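Input: structures, listed below.
First subunit A sits with subunit B, and in the next complex the same chain sits with subunit C.
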Partner chain A sequence: MRKIAKSALDSLFAAMSESKKVYLPVDGEGGARYQLWTEGTVLSEAVNTVRSAKDFFFPQTENLVEFKMEGKKLDVIDVRRETEDFVIFGVRACDVRSFDILDRVFLGAPVDTYYKNRREHGVIVSLACNKPAETCFCQTFGIDASAPAGDIVCHMTDDTLFLDAKTEKGEKLLATLEGVTEPCADSAADEQKALIRSRLDKLPLKGLTADKFGGDKTKEFFNDPAWASLSESCLGCGTCTFVCPTCQCYDIKDFKTADGVRRFRCWDSCMYSEFTKMSAGQPRLTQKERFRQRFMHKLVYYPANNEGIFGCVGCGRCLAKCPIQMNIVKVMKKLGEGGDKND
Partner chain B sequence: MIDMKEPLMPVVGEVVDIRLDTPDIKTFRVVTPDGKKAFEHRPGQCAMLSIPGVGEAMFSITSSPTNTEYMEFSIKKCGCVTEWLHSMEVGQQITIRGPYGNPFPVDDVFAGKNLLFIAGGVGLAPLRSVINYCRHYRDRYGKIDIVYGSRSKDDLLDYKEIIDEWANDANVHVHLTIDREQEGWDGHVGFVPNYVKELGFDTDKIAVLCGPPVMIKFTLAGLYELGFEKTQIYTTLELRMKCGIGKCGRCNVGSKYVCKDGPVFRFDQLDELPDEY
Partner chain C sequence: MQKVTRDILVNKAKELLANGTVDRVYGWKKGEFAYDVTPALFKSEKELDEFVFGDFCGANVSKYLVAESKKAGGKILVFLKPCDTYSLNQLTTEHRVDREKIYAVGIPCEGMLTGSALKDKVDSVLSVETEGDTVKVETLYDGVKTFPASDLLPDRCRNCKSKKHVTYDELIGEDGEVLDSGRFDEVEKLEKMTPDERFAFWQGELSRCIRCNACRDVCPACTCEKCVFDNPKSGLENKAAADSFEEKMFHIIRAFHVAGRCTDCGECSRVCPQHIPLHLLNRKFIKDMNTFYGEYQAGEVVGNRPPVVNYTKEDIEPSEAVKRGE
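Here is the complex of A and B:
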């Protein structure tokens, strides 16, 4: 383990930036967002970014291929360029877990080569949550915000940042930072970890469990009467999907350029009616079915395909952002209650 | 499972033949610009065809894998992409990627068995691939029955091939039907589900169904009446798809992705899925 004074963080980021681009949460209008570090950029102390970190590996829009057309002739042009190495600094435990959830989708056979390319070039430096929010429920999914995963795991005290390399990628990066950091005992961050754990214990959603859900629960929950009232006010705006670190549905669209066609993919949402609409019909007729799909996927279908791992990390973004205050916590509490009381 | 290096990257395909099969179905023959098959497939698998700028859509490959020269797609005009495809002329280049999905288990489960194929309308397109595969390896399978129906005589897909080739094969029995009486038609008249019951098949076979949802529903009920078990009946599903590799989320039904885990399903497997297809 190594450490650096909090007051010297600029020199840490400068040293990282020598070999790689460094992105970190920065405060701005409406909250914290990941930004490229340049001299003077200040690390946000917000518990999390407004948008998740999935953009780095699964960008909101991404070009897939281009076409040139002349008469009846057509050319397919691979427009991908080599991705540069980059560091994402300050990723919270929930978002780090989301990468594992996305990996199981995109890196499962057949591999999504666009995602893989970005994933291989990214180094994840996580940061334990000093002040978890009341919307946080990562513990429900076995995530410990005092001990995130990541290539390098960091803990911050009032005056010091501790860095602990956990992977080969992390060790390589940490080795390049020897000039600005100094060694310390492996137990140096223990006090901070204990402090965070005591705060996690006091969170209002601490007791929430997902035990009743899982891969074999389709029949149990699919026809639950509660879906009707839960989805009743859903606007189908898709905000929950876009801020969600694990939502990975996408669309593929074509865009006519001056001299050809560019095919790109962009985030999509199962909350939209267009999502499943075919010329032959619409398998999810109302918002109830679309709403149900999103939660069934996270709580039942995803675990069915991924050894019981849930497709939610408890980051709480949907709790904070839904315009009608509906969210996965309410869904988890209400399902399986056997009634349809709207309380 | 599909093993593809670049599953989202299409190649160029050239349309070298267009056949007007019915008033709203055309069959397109596709090869690469140097005249080869774009890729190998198994019966029941699908491919993504696109016209850049218009869109991309998934179609079943109607030609048999035993055809070494080209691939064929029978496509009904019913949306943006299919309308554009129908307006194409020979020589048009399009893009093609695939193959996607799981095929029919022609080499294990089907081997040595009697087979009953039941199709309605353009539902014959995916079955033609299996039928011609089984005809090619004729000695590997038992008796083959084919029940095929459509609205009218003019709506029967691959009519010439059915009459000239399939019907003349040893131990292949073709049963055609159209919905209503029509001049020049002396064959059976009536809907597919009723015809299947009238024909009263033995249950010593595997049944493969493909057609409009209402046909599937009533044919299935008819087969159960005849004593067929869900484990003996296969079908192919169709849902909206974008990626073809089980990632974009569109064709997700329960824990399955139709593009990757389907499109071929057995009815007992469908029972495990929520009713959302």
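Here is the complex of A and C:
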């Protein structure tokens, strides 16, 4: 483990930036968001960014291929380029877990080469959450915000940042930072970890459990009468899906250019009326079915295909951002209560 | 802050359910946190146990009436704050709701807090209490913090345009007046900018847009059965932007489409997960219409024609409008 004074963070980011681009959460209008570090950029202390870190590997919009017409000749242009190495600094435990969830989708066969390219070039420097928020419930999914995963795991005290390399990628990066950091005992961050753990114990959503859900629970929950009242006021917007670190659905569309076609993909939302529309129409006719799809995917379908791992990481973004304050916590509590008074 | 209590509303709802005036109630349901309130339908006296009313009941439930008033059954009870009544009138004008199926009870409003505005100022909110105009916020790590309500209220409430209910079947408390608000102050600031400054301002704001469509989906003026942006056959359906500023097209087109019909309820800015001050676009249109066509407030009176669809000889010459844009 190595350490650096908090007051010297600028020199740490400068040293990192010598070999790689460094992105970190920065406070701005409406909350923290990842930005490229340049001299003078200040690390945000917000517990989380408005948009999740999935953008780095699975951007909202991405060109896949271009087709160009020249007379009667059609060129197919591969737009993929090898990504440069980059560092994402300050990723929280929940978002680090979200990468595992996305990996299972994009790196499983057939491998998504666009995603893989970026994933391989990204180094994750995580940062334990000193002040988990009231909306946080990562513990529900077995995530420990005091000990995140990542290539390098960091803990921040009032005056010091501790850095602990956990992977080969992390060790390589940390080795380049020897000039600005100094070695310290492996137990140096233990006090901070204990403080965080005591704070996690006091969170209002601490007791929330996902035990009743899982890959074999389709029959238990699919026809639960509670879906009707839970989805009743849903606006059908895509806020929850777009701020979610694990929502991974996308659409592929063509954009007509002057002399051809640019094929791109972009995030899609199961909350939208046109989602997965096919020749026979939209399979989910009302907002109730669309709403159900999102939560069944997180709590039942994803675990069914991924050894019981849930598709939610408890980051709490949907709790903070839903325009009508409906969210997965309310859904988890309400489902399976046995009948719904509104039906 | 709010002078009317939950119990007054629940008792009114129970009375109207019991005497058969209405058979369901659109209101608000308590959530996990103090600021966390969901619009909800209540179909029986017993369900009203979960009914809440307080300083976070800002959601304008008028738009839910578009779908709800089409359903079979009796009348729907809604409790409308003054600004919500303008929306209901506008929806009635546009034949989007069946006003006969709605029983509107006007309730006074002292301004509504929002979770997002609150969380801009304080982290990790455990509970919120208001005493008069003082808001006490209990936090996880910083003890109890105290704010004057005006520090936490969103622009739409700080610059409230009216405490008057423009439509109701019954009123709780006394009706207020149309206010002389400073709601165009921010617009004037934007107007004073150079075109480059203004472009930079909107570029900064709109480049944060994630195109979740929450502004459109919550907007009581956006009630098209199929939005052009959702229609794959329109050629405009775009779930993605070609560049980081393409979203301006979506927002500007939307602002044009609701011009003259937007009542300035401010829901678009309330729901934006990226805190984009979308209401300023609408207010610019409202201000311009006031300037060029005379004062007009959408939703003030049922049946009023917005100036942009109501030709008069006194209308501004298009050439004059063009000159102004140069």
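Please note the rule applied: the second predicted complex is superposed on the first by the 336 of 343 C-alpha atoms of A that agree within 3 Å, B and C clash if a C-alpha of one lies under 4 Å from a C-alpha of the other, contacts with A are read in each partner's own complex, and residues count from 1 in each chain.
As a working rule, a contact is a pair of C-beta atoms (placed from the backbone, for glycine too) under 8 Å apart; a residue touches a chain by one contact, two chains touch by 3 or more.
Computed from a predicted model, the values in this text were never measured in an experiment.
Colleague: Specify the outcome, clash or fit, for subunit B and subunit C once both structures are aligned onto subunit A.
Modeller: Result for subunit B and subunit C: fit.
Colleague: For A:V42, decide between first (touching subunit B), second (touching subunit C), both and neither.
Modeller: In the superposed model, A:V42 contacts neither subunit B nor subunit C.
Colleague: Report for A:A175: first if it touches subunit B alone, second if subunit C alone, otherwise both or neither.
Modeller: A:A175 sits against neither subunit B nor subunit C.
Colleague: Could you look at A:D251 and tell me whether it touches subunit B, subunit C, both or neither (first, second, both, neither)?
Modeller: So A:D251 meets both subunit B and subunit C here.
Colleague: Touch check for A:P323: first (subunit B), second (subunit C), both, or neither?
Modeller: The second partner, subunit C, only.
Colleague: Of the partners subunit B and subunit C, which touch A:V79 in the superposed model: first, second, both, neither?
Modeller: neither
Colleague: Of the two partner chains, subunit B (first) and subunit C (second), which one does A:G215 touch, if any: first, second, both, or neither?
Modeller: first
Colleague: Would you check which partner chain A:C266 touches, where first means subunit B only, second means subunit C only, and both and neither mean what they say?
Modeller: second
Colleague: In the overlaid three-chain picture, which partner chain does A:K277 touch, first (subunit B) or second (subunit C), both, or neither?
Modeller: Both partners, subunit B and subunit C.
Colleague: Aligned on chain A, what is the least Cα gap between subunit B and subunit C? Give it in whole Å.
Modeller: Result, nearest C-alpha distance in the overlay: 8 Å.
Colleague: Using the superposition on chain A as set up above, list the residues of subunit A that contact both subunit B and subunit C.
Modeller: The answer is residues 251, 265, 268, 277 of subunit A.
Colleague: Would you mind writing out the residues of subunit B in touch with subunit A in their complex?
Modeller: 1-12, 50, 52-56, 78-79, 82, 89, 91-95, 213, 238-240, 242-243, 245-250, 252-255, 272-274, 276-277
Colleague: Provide the residue numbers of subunit A that touch subunit B in the complex, in ascending order.
Modeller: Interface residues on subunit A, with respect to subunit B: 64-65, 67, 69, 72-76, 78, 105-106, 108-114, 215, 218, 222, 248-252, 254, 256, 260-261, 263, 265, 268, 270, 275-281, 283-284, 289, 293, 296-297, 300-301, 304-305.
Colleague: Over in the complex, which subunit A residues touch subunit C? Could you list them?
Modeller: Touch list, subunit A to subunit C: 29-31, 33, 46-47, 50-51, 60-61, 131-135, 199, 202-205, 229, 232-233, 235-239, 241-243, 251, 253, 255, 264-269, 272-274, 277, 319-321, 323-326, 329-330, 341-342.
Colleague: Inside the complex, what are the residues of subunit C that reach subunit A?
Modeller: 31-33, 35-41, 43-44, 46-47, 59, 64, 115-116, 119-120, 123-126, 140-141, 204-205, 208, 210-214, 216-218, 226, 230-232, 237, 239-242, 270-271, 273-276
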